[in-house]
Amino acid sequence: MTFEARPSGRPVDALRTIRLTRDYTKHAEGSVLIECGDTKVICTASIEEKVPGFLKGKGQGWLTAEYGMLPRSTHSRMDREAAKGKQSGRTQEIQRLIGRSLRAAFDLQAFGERTLHLDCDVIQADGGTRTASITGAMVAAYDAFSKLAARGLIPAIPLKHFVAAISVGVYQGMPVLDLDYVEDSNCDTDMNVVMTDAGHFIEVQGTAEGAAFDRAGMNRLLDLAQAGIADLIKLQKQALGIAG
Amino acid sequence: MTFEARPSGRPVDALRTIRLTRDYTKHAEGSVLIECGDTKVICTASIEEKVPGFLKGKGQGWLTAEYGMLPRSTHSRMDREAAKGKQSGRTQEIQRLIGRSLRAAFDLQAFGERTLHLDCDVIQADGGTRTASITGAMVAAYDAFSKLAARGLIPAIPLKHFVAAISVGVYQGMPVLDLDYVEDSNCDTDMNVVMTDAGHFIEVQGTAEGAAFDRAGMNRLLDLAQAGIADLIKLQKQALGIAG
Amino acid sequence: MTFEARPSGRPVDALRTIRLTRDYTKHAEGSVLIECGDTKVICTASIEEKVPGFLKGKGQGWLTAEYGMLPRSTHSRMDREAAKGKQSGRTQEIQRLIGRSLRAAFDLQAFGERTLHLDCDVIQADGGTRTASITGAMVAAYDAFSKLAARGLIPAIPLKHFVAAISVGVYQGMPVLDLDYVEDSNCDTDMNVVMTDAGHFIEVQGTAEGAAFDRAGMNRLLDLAQAGIADLIKLQKQALGIAG
Amino acid sequence: MTFEARPSGRPVDALRTIRLTRDYTKHAEGSVLIECGDTKVICTASIEEKVPGFLKGKGQGWLTAEYGMLPRSTHSRMDREAAKGKQSGRTQEIQRLIGRSLRAAFDLQAFGERTLHLDCDVIQADGGTRTASITGAMVAAYDAFSKLAARGLIPAIPLKHFVAAISVGVYQGMPVLDLDYVEDSNCDTDMNVVMTDAGHFIEVQGTAEGAAFDRAGMNRLLDLAQAGIADLIKLQKQALGIAG
Amino acid sequence: MTFEARPSGRPVDALRTIRLTRDYTKHAEGSVLIECGDTKVICTASIEEKVPGFLKGKGQGWLTAEYGMLPRSTHSRMDREAAKGKQSGRTQEIQRLIGRSLRAAFDLQAFGERTLHLDCDVIQADGGTRTASITGAMVAAYDAFSKLAARGLIPAIPLKHFVAAISVGVYQGMPVLDLDYVEDSNCDTDMNVVMTDAGHFIEVQGTAEGAAFDRAGMNRLLDLAQAGIADLIKLQKQALGIAG
Amino acid sequence: MTFEARPSGRPVDALRTIRLTRDYTKHAEGSVLIECGDTKVICTASIEEKVPGFLKGKGQGWLTAEYGMLPRSTHSRMDREAAKGKQSGRTQEIQRLIGRSLRAAFDLQAFGERTLHLDCDVIQADGGTRTASITGAMVAAYDAFSKLAARGLIPAIPLKHFVAAISVGVYQGMPVLDLDYVEDSNCDTDMNVVMTDAGHFIEVQGTAEGAAFDRAGMNRLLDLAQAGIADLIKLQKQALGIAG
């Protein structure tokens, strides 16, 4: 394994430097800035005291996510989705993924007829924005539920599992963890993995953009992801001051 | 293994009856009705003699896909997307998946500045519409390129691999192949797999809707998918009259 | 009258071959594939147990129609309306026509606060898709109401009249019945006529695309339409097993 | 025939008072206020020095129409279409009708690569807004082409025929000409007819909203329309100072 | 002060000829045509017997405004906003300004749970359409409330102040009142001022399109506006037959 | 003057603490985080090597601005404009204001056929987001032009004036500078002022939300704004390392 082969000089199994800043903005019930190297996402969790129509009167809660990128979070400026009047397919795909992942983390039956809105807004992009969003949103959601519990509105944080997410991929023939933008734009295979603290899978989304990958390749990628996610969940718990 | 456990009585590793009808409609360069049990999708391939702006003058082709469901293809009537004025996130996610999968099947450099449009329209839905779309679109695209080649517009069919797709999932604790609607609505885990005739992966999209799945579970699902896709590719080649 | 003058070789007063296939798809209360020569339309009738806001509490029902064409139902591929985010003026005009025509066929007072949705989706177009839609939707609606009656939800099928529709036009100076695409694109005058089994008019929509037509011309066109519609209504009743 | 039977006291074959005011607004090449009783429509004709993409380089012109109603032109206020973000099906149907009718009046080959835009904006509605729009737009278009000719940009006004339009209908069993709002909302059959000064038909759009109409009824309606339109064309020519 | 310097020859402190025609259209509760020179705006006031959601049950009323221009109200034809599917930023800015201005004129607490809709539709534009809209809408709103009071639905017209609006600007170095189109397109500074009959400001919106303006310049502009608005309010009261 | 009267305890003529952080994100040519008390806006300036269609071939540049708020930048969560599919009237009004203000700061003739896009995204709102956007965008634009000049693409920074903006208002009868959210929601009059470093006005937008304001009141507000903006421009120049 040649460590120098990655543009960043990182070992193949190394995460970028991860930083989680809680209470990043002041209005939201949960607000986290997650930095994964140069990728920076503001994740806020907002509690609304009602549920969407299809759940009214069922006594359970809902959790949903939205995702956006500031127009110049990227190398060249993208059009603003609000100005174009619609969200791209990519945006919708990502926010559906974040929503499903976080709904697996919490027990929707256990926080009453409320909606938790997660907003993941990328202020600087350098690869891995969707997985950073999931990892950061986990912490923001936890904080929001803590506040509800502290106010006595729910008996406990309705936690099922911690979840975190990471990308893995094959860069120049080499399976690597946590791709940055340079790697991401040049890789053959890209896989986003979401797992729980029990080491189980919530989502696996692998795409061969260049050469298709075989079963052995997939296994190596899943090994990398599994280890990386275990580390991310440790960092989430540290940030929250929870014993791992 | 109790074969009776599936609502359809199918063995866990059995595909539904698959039928591929070529030349289903008369105008398209390729037109295939694919029936997977009660799921029926019309897949058409249309050649357009130009490429999108971002490829103009690069001497290569493009392939893109769109997906739709007739409003009453489903158990209860859905709103018509054209009337609502937008495609749902699910629709966009599916058509992006079909497009990526088929772009892996053909060599975009080898058919000139043309666009192949794949339209997958579900006329009856009973689970697995997105994987049926990919499997059917493969045949429609092949037919369209055959016509181009027959007219001498391209030297040969720009085939890289045959691709086909299938869903697998965990239904009542049991890993099963090719979920129908009843299974799909009640399963814990749902995975859509796209593979080539070389047995390599193009796409893996697994989601734990109920209990998260472990590594062993994933392995059993991938085994089922691999065998199912091999069978589907045989059926594609038979339909096209190609020696497997 | 030179019979050879029509591209299809049909006599000027001859319908194309009409086929009505009931129960074409399995979920809808009524589902009919109508084929008029090479024009093929799936007409489904769906019962919804509520009415639009403007009828709430009035004790009556509503009937409405939507129309669409698969992108490659036509000679060259059309843009998908769902992707463009709006229905064309032509589409809206046609679905308004289908709705008005079928509301004339049934007694809206006699089936409770329900909505009958008619979806007419063209899978292959060769002229006359709007009139085929009306003729097919009549049978689908009849089937849907039969099911409601069979379940005891309404006392009887709320039928006022059978209705059917046909196009007539002036092709190369010659008034002809049931224009196919080649005739339609080259005709001077095009008229769509909707009539009841009592021989009365529901809709007459005539347009001079080339030379304007005089009163005598209009009379000949209406004669052709009247005879053609009488035949279509016989076919509808045969398909439904109703004595004419 | 009881003349008193109409709410307005008009004889069954009487038009409302028609007034055509040319040069109603100052910027447009042609600008006409048409008043048909209490129905008032501003019709402007604007010349644009280019054609739509599908006609570029073909050396011919184009003519297109748009239609709108001020929100409080009607008895109760309607939502503003610009605010709702889309034109209704009715609006689109009407503007397509106006466009087709006026394209029959002028020779598109004879005014160069220009577009004539007709804007018909209803400032007060009392029935018959679409037919008033056509009749008024004819005069506005004539004025616009006169100006082009006067400037030497075209050799002559590219006139094929004068066209005008009127509604006829069956009000309380009685065929009547030029329905006002009270009649229109209570009639069984409503027919809009567009004819040339040669007495030929351009468009016939008849709808049975209540009882279907038979062939004899249709004939009586067409007689009324034919006479009414002949009068309207006289008024158009008078307004333009042209010998009839 | 050189009077000849303005293209119109008006003195710098002279309004254009103002005409207010009440009951201009017949359906609206208040309907006023305001003409300021060649600028002509139809202002209608419509009473709706309900309030927007955010005010339901609060016992107070609401007042809102919409603004539009006929496509050929301007020198060259503009695209129709209803056809484009959205209102421009300029349109929205103007209708927000009209709404705020008129909400300052009436006591929202004093006319029950009703909405007053003001529609300002420009039929001919020659500069100053937004200020003409406000001045005209004041009279239309007054008329609508008079009708409500006359029907005994409200005890009195809920008037707080008369309001009127005018533009002022710096044209070729010279502060002038009531800019017409030629001046408006060539001025350095443009200010729209809305004031009450007590001489107080409701809105001041000044923009330096060319050279920025200093404090002294602003003072001269406000002086001009103050005098002009006093005159406009006199004209409003005269039109309404109210002693000033 | 009672200093305690403001909720923040600030003197009536005191700005909040202002912080300008340059190079806040890494991709944009100019990127500034401006903090005005608890209001935080990311302002980026992006150079695009082309101009909008209406300026093509004229040899000059363009400058345009967009504005957005993260959904939970505010006290309660707002709907995401990209998800709703349109920008509100308020958003459009603000971005038009930012654009006009900054176009006054730079010489559009002096930077070639390029567009400077300013994106002002509010990550935390506490009143005064539009004026903070202008003040911050000034610095970001300056940085972007510096880079162009440093690369030799333009001879010099095309600066006309420094501009900055501030809000003033009447809070509980007292004219105050730089309103925070609590003051802003309870004030009678709110005025946004944009000025140059020469002390001239670019924009004045005053609105009486409660009691209308008289001329003396306006003068006191303008005095406050003038002093505040002079301070802001000093801070901009300090941040840029420019001698004032």
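A, B, C, D, E and F are the chain letters, set down in written order, and residue numbers restart from 1 in every chain.
Please note the rule applied: a contact is a pair of C-beta atoms (placed from the backbone, for glycine too) under 8 Å apart; a residue touches a chain by one contact, two chains touch by 3 or more.
If you want to know which protein each chain is, UniProt gives these names: A, B, C, D, E, F = Ribonuclease PH.
All of these numbers come straight from a predicted model, not from anything done at the bench.
Enquirer: Give the chains in contact with both subunit C (Ribonuclease PH) and subunit F (Ribonuclease PH), ordered by label.
Expert: Both-contact set = empty.
Enquirer: Measuring between Cα centroids, which chain is at the maximum distance from subunit F (Ribonuclease PH)?
Expert: C
Enquirer: Mind checking the centre-to-centre distance between subunit A (Ribonuclease PH) and subunit D (Ribonuclease PH)? Centres are C-alpha means, answer in whole Å.
Expert: 59
Enquirer: As a quick test, compute the distance in whole Å between the mean CA positions of subunit D (Ribonuclease PH) and subunit F (Ribonuclease PH).
Expert: 51
Enquirer: Could you put a whole-Å number on the gap between the CA centroids of subunit A (Ribonuclease PH) and subunit B (Ribonuclease PH)?
Expert: Inter-chain centre distance comes to 28 Å.
Enquirer: Give me the residues of subunit E (Ribonuclease PH) that touch two or more other chains.
Expert: 85-86
Enquirer: What is the sequence of chains around the ring when one begins at subunit C (Ribonuclease PH) and proceeds first to subunit D (Ribonuclease PH)?
Expert: C, D, E, F, A, B
Enquirer: Please output the residues of subunit B (Ribonuclease PH) touching subunit C (Ribonuclease PH) within their complex, sorted ascending.
Expert: By the definition above, subunit B (Ribonuclease PH) touches subunit C (Ribonuclease PH) via 25-28, 31, 38, 40, 42, 44, 46, 48, 66, 68, 70-77, 80-83, 85-87, 91, 117, 119, 121, 123-125.
Enquirer: Give every residue of subunit A (Ribonuclease PH) touching subunit B (Ribonuclease PH) within the complex, in rising order.
Expert: 86, 89-90, 92-93, 95-96, 100, 104, 161, 191, 195-196, 198-209, 211-215, 218, 222, 226
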